[in-house]
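Below are two complexes that have subunit A in common, paired first with subunit B and then with subunit C.
Then we have the complex of A and B:
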């Protein structure tokens, strides 16, 4: 168990973290690259930046969206995401680990906040899972992985909470810690290849949607030629 | 019971096939709109070929790449779609519709998809999938209301647009649209309503006479005048059906004295290319710009028409030289400017009935023109009421995306696609419904008729024409 734990904490952590970081960086760069290419080819380079930025901020900090068309779902989703983002990054124990490994540290969440956020992430993650099952439209759209994601995502939160709180035996502690780390590492690896990639692509969404309507000029001819339709009547 | 949901009887009526069984058999296309006979052999391969060519020569790819990575399947968009709200059919959920095409893209144009297809032995695009797309993309009005609500920024209007483009390249596009575009681009008259120039002259003369009689003033429709400030392109159908709109516009110009003209070389603002093929879109946009240049005009002025305005506003810069292209404005912007500058006056005692304003998606969805028409109306209509939601968030008339011109699907448009709008209009209790869009007008008139709502659908300038105070200069 101890060796497994060391393996998970050491080399495996570095490997999976690198896969995540590089993977996310790759799709982020590809996305920006695609956007730049599209902009270069666009016949109309007049982009309403202000509007796109406003919409982007609106979705990154969806305060107003929460009271829109699906208040319950929105609120659940927002609360879920809040914990999901804040806890892993600002948890005292995590920051300490970073500090010891890299010398870098940053502000941390007060312990009680971290606890509440952890619990809320678990609860709201489950709520989202059951919501997906219960709402007719959502379950119709969902693929297997759509159900799986909220469940996978809360595993490190549950195990982390257990490690930090429950009076488990040292062996139990090591067991939960192992699950905690491995599940987090699984998430790392999957991140760049699944829809959770939205964690880095989200800020680009509104820009992409705006830019997508900026078509390149003079495509009638090449498309017609490629499809053997040059001179063919409408 | 949700009043937006169509009743069982309405659904049956709306979805009844309108084509002869033998035609469906021959074309292998179980959809309600008419299609010209096309090559049915090997459809999936030809679809993919067209898709590939379009991807190569367009900007869609980067957006599709982004969308397939983002799609959260949260069903948030379902709350916004007036088609889904009315039909209750899960296949009308915007995200489901988009996935039809995104799935094909993922499977055939991404590395992962191709590998997965190989490993799982999934043969990919099938005839049935093409049939489903052909049905689904024309059930959507491409109003883009759903995209406001998509956290992932997925623009279902864009995907529908692309899907129709690909389908049209293999011969699947509503005949109603194709025939109009054919006349516009290759016909003798060069416009969608097939109005020859002599008939146009007659109409304008008739309008001038009418104005002299009813308003007692000489109002002109200038033709082929070079160097004007504004070269005017209404939806050409207005010359046949919207006399009051045109007279209202002429009256405003008579009052302001600005120079404007219609060109006899080309006078149609309609662009059905926007609804099914980027190639046609481009060709038509270029015609508009070329005519304005021929007349050495300073601005392209589009009449009361949503999609005509959008196709000119957003695609003249695209296809005609970016910033060097002529500026495009909509008549409502012009009229609003003139009114606020005090260049004409409106009598507040003429229109006393309840008036509501319908935002055409193509004009309002991007926040382009929302307040101006309202300000104009409030300036002289005592009894202005607002429908909720409105503006950028408006509900489509139900005939968007070109579906309005497909007469054979009228039952679908007025019992499903326009159902939510109908309830909205009923709820407002308006007597006049102002819809500054040729397409919206047609659809809304059919809608209030079929849904038995007591309300008259008019253009903005129809009401202006009633109330404008003209000084008789003679």
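Then we have the complex of A and C:
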């Protein structure tokens, strides 16, 4: 158990964290690269930049935008994301680990806040999972990974909460800690290669859509022909 | 085209791994990433990357000389790739040099702080100028792609001939002066490799190597891109190399004979074996192979001969660069896996750039064309994901970036995390020193130290009141605690705070809550600061600043205290500009003056040890 824990905390952590950091950077760069290529190929170079930026900001800070058609889902999702982002980054114990490892530290969450946010993330994660099963429209659109993600994401939160309120034997603590680390590392590895990549691609989504949905010069004719719509006004 | 893609994928894997190691080198320094030390300060990075790298890039000046000076027009098709190889080779040399320099950010110093007596200065300037010349020589090729730069291109083409001349001149200068570097160590190099005419030997062998590098590169790329190799031209180059190699062999052997060292060749030492291997592989073997006309026409034999010369000459540069010095310094060195991976990474990156340029620009007569990029080609579905990854360039981008990512992550995982610390820090405990007129501060306790005029400092800084300037009385009730009480180790910082002692009866039986607030985690960071209780931790006017509970190493503490003060005083006192210089307190003596009885830590000769002023006579009296 101890060896496993050391392996998970040391080499395995560095491996998975590097895959996450570089993987996210990679898709970010590839996306921008793709967007630039799309712009270069675009026949119509009049891109509504302002509108794209406004839309992006609207989705980044969903103050009014989110509560349109599915207010309950939106609220649950926002609350879930709050804990999901804040707790791992600003938890006191995590920052201490960074500080001892790299010498870099930053502000931390008060213990009570961290506890509430952890619990809320667990609860809202479960709510989102069951919501996806229960609501017809949502389950119709869902892939397997959409069900799995809320479940995978709350595992480190549950085990982390147990470890932080150490009401367990030392052997039990080590077990939960191992699960905590391993599940987090699984998330790290999956992050850049699944839909969770939206954590870095989000600011680009509107821009890419605006740029990409333009035909390259002189391709409108062949496209219209292959769609059997030659001469039909679009 | 699978061949090119597989090669690139492997190269990207190597580059990714090296990138992580390279970051480690810049974060944690040479001591952690290399097996170098004071006795062997130059290793793989200088021996292979720089010494051999410069020689391998010799193809550039050799082929331009053949085409532009000797007017052998038939060799024109291989000028561009040769110049490109040379340019990338020099870039690789400069990058490797950055890894090897202890203070890489000072690389520009050579531009401003001239040291015209140093061969290294000449090499540095030549390499800088020659790299610029190569850039100007090659840049018309990529500029061809866009009509926007047509004017610059024609301008550069007009100056092609002067540039070629300059390039040949600069190469001649520094290919030979790389050899001059080793003229300063006549007693450190093994006699078979040390010679007064090392510069000439280096130059001749660089010409031979240049010819063979062009051959090898042409053979390798024609294999990769399945294009027709210029066998006719290559066989002519091979024929020329026979002459150059023969001249080299003749000069080298007669130099050894004239110096009266010919008996060393067959004396059975490991150096003699190295020498025989070097000559057989790099010189004699290729001469024999290429003397036979049928072999010169055969691709297989061209491969064999050129590889032999390249390996032989690289081996020669490594030998001169340090391998053969080990017998004399008595130090054993083998490059660490980190050094090897960085060398491999720089080389791979250069090859990737070469392939990029070859595919993108008009380097060869006909640029290689990717069959999958044909407009009529059908989409090629990726086996793993069952999707079409797009045109070859896009598909490659996806795969190569993944390869880079994974090998980078693997390197991050296997580079020891917690074990990364300086190998230089040995735990050497310090000793007590008290009062007196002159203190002898012994750095390593090997008789080399500094005479510190204690009395003089007291009188110059204002008598008794001045004690507090340097001595901080941080132990309660103790008004003159010696430095060694907290600065326990010579090179390592130590914990100045006795946690156990504070909670013990002798230490005042302090309860946890006195320092750690209730309800908070009990950690050093969340505890009260020491000066909250020990209000007189530092006396009035002290030079020391209290930051953490950690006492810096003895050497650091002494140096900071002395050097900072000396720096300040040097500015205000007239005629004391040298006050802050190391040699002001440390006098250098060569190890010959060391007493045989003197305890020495380690068994290697160090040349820049410092000695207590006046200790020389003491030691001599002992003899």
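The rule is short, and it goes like this: the second predicted complex is superposed on the first by the 217 of 234 C-alpha atoms of A that agree within 3 Å, B and C clash if a C-alpha of one lies under 4 Å from a C-alpha of the other, contacts with A are read in each partner's own complex, and residues count from 1 in each chain.
Just so we're on the same page, a contact is a pair of C-beta atoms (placed from the backbone, for glycine too) under 8 Å apart; a residue touches a chain by one contact, two chains touch by 3 or more.
The model shown is predicted, which means the values in this text are computed figures rather than measured ones.
Participant: Are subunit B and subunit C a fit on subunit A, or do they clash, once the structures share the same frame?
Facilitator: Overlaying the two complexes on subunit A (C-alpha atoms) leaves subunit C and subunit B clashing.
Participant: Identify the partner contact of A:10: answer first if only subunit B is touched, second if only subunit C is, both if each is, neither if none is.
Facilitator: second
Participant: Now for A:115: first (subunit B), second (subunit C), both, or neither, which partner does it touch?
Facilitator: Neither: A:115 stays clear of subunit B and subunit C.
Participant: For A:92, decide between first (touching subunit B), second (touching subunit C), both and neither.
Facilitator: A:92 contacts subunit C only, not subunit B.
Participant: Thinking of the overlay built on chain A, is A:30 touched by subunit B (first), by subunit C (second), by both, or by neither?
Facilitator: Both partners, subunit B and subunit C.
Participant: Can you tell me whether subunit B or subunit C touches more residues on subunit A?
Facilitator: Between subunit B and subunit C, the winner on subunit A residue contacts is B.
Participant: On the A-aligned overlay, A:101 touches which partner chain: subunit B = first, subunit C = second, or both, or neither?
Facilitator: The second partner, subunit C, only.
Participant: Touching A:18 in the superposition: subunit B (first), subunit C (second), both, neither?
Facilitator: second
Participant: Out of 110-118, 128-136, 218-226 or 344-352, where does subunit B run into subunit C after the fit?
Facilitator: It is 110-118; the other listed stretches have no clashes.
Participant: Of the residues on subunit A, which ones does subunit B touch that subunit C also touches?
Facilitator: In subunit A, residues 30 are touched by subunit B and also by subunit C.
Participant: Which subunit A residues qualify as touching subunit C in the complex?
Facilitator: Within the complex, subunit A touches subunit C at residues 10-12, 14-19, 22-23, 26, 29-30, 33, 92, 96, 99, 101.
Participant: Can you check the complex and tell me which residues of subunit B touch subunit A?
Facilitator: Answer in residue numbers: 49-50, 53-54, 56-63, 65-66, 69-76, 78-80, 84, 90, 93, 95-96, 99, 112, 147, 149, 151-155, 158, 169, 178, 181-182, 185-186, 278-280, 282-283, 314-315, 317-323, 367.
Participant: Quick one: in the complex, what on subunit A touches subunit B?
Facilitator: 27, 30-31, 34-35, 37-38, 41-46, 51, 59, 62, 65, 68-70, 73, 77, 135-138, 140-143, 146, 193, 195, 197-198, 201-202, 204-206, 208-209, 211-220, 222-224, 226-227, 229, 233-234
Participant: Taking the touch rule as given, give the residues of subunit C at its contact with subunit A in the complex, in rising order.
Facilitator: Listed in rising order, the residues of subunit C that touch subunit A are 20, 397-398, 401-402, 404-406, 408-410, 412-415, 417-418, 521, 523, 525.
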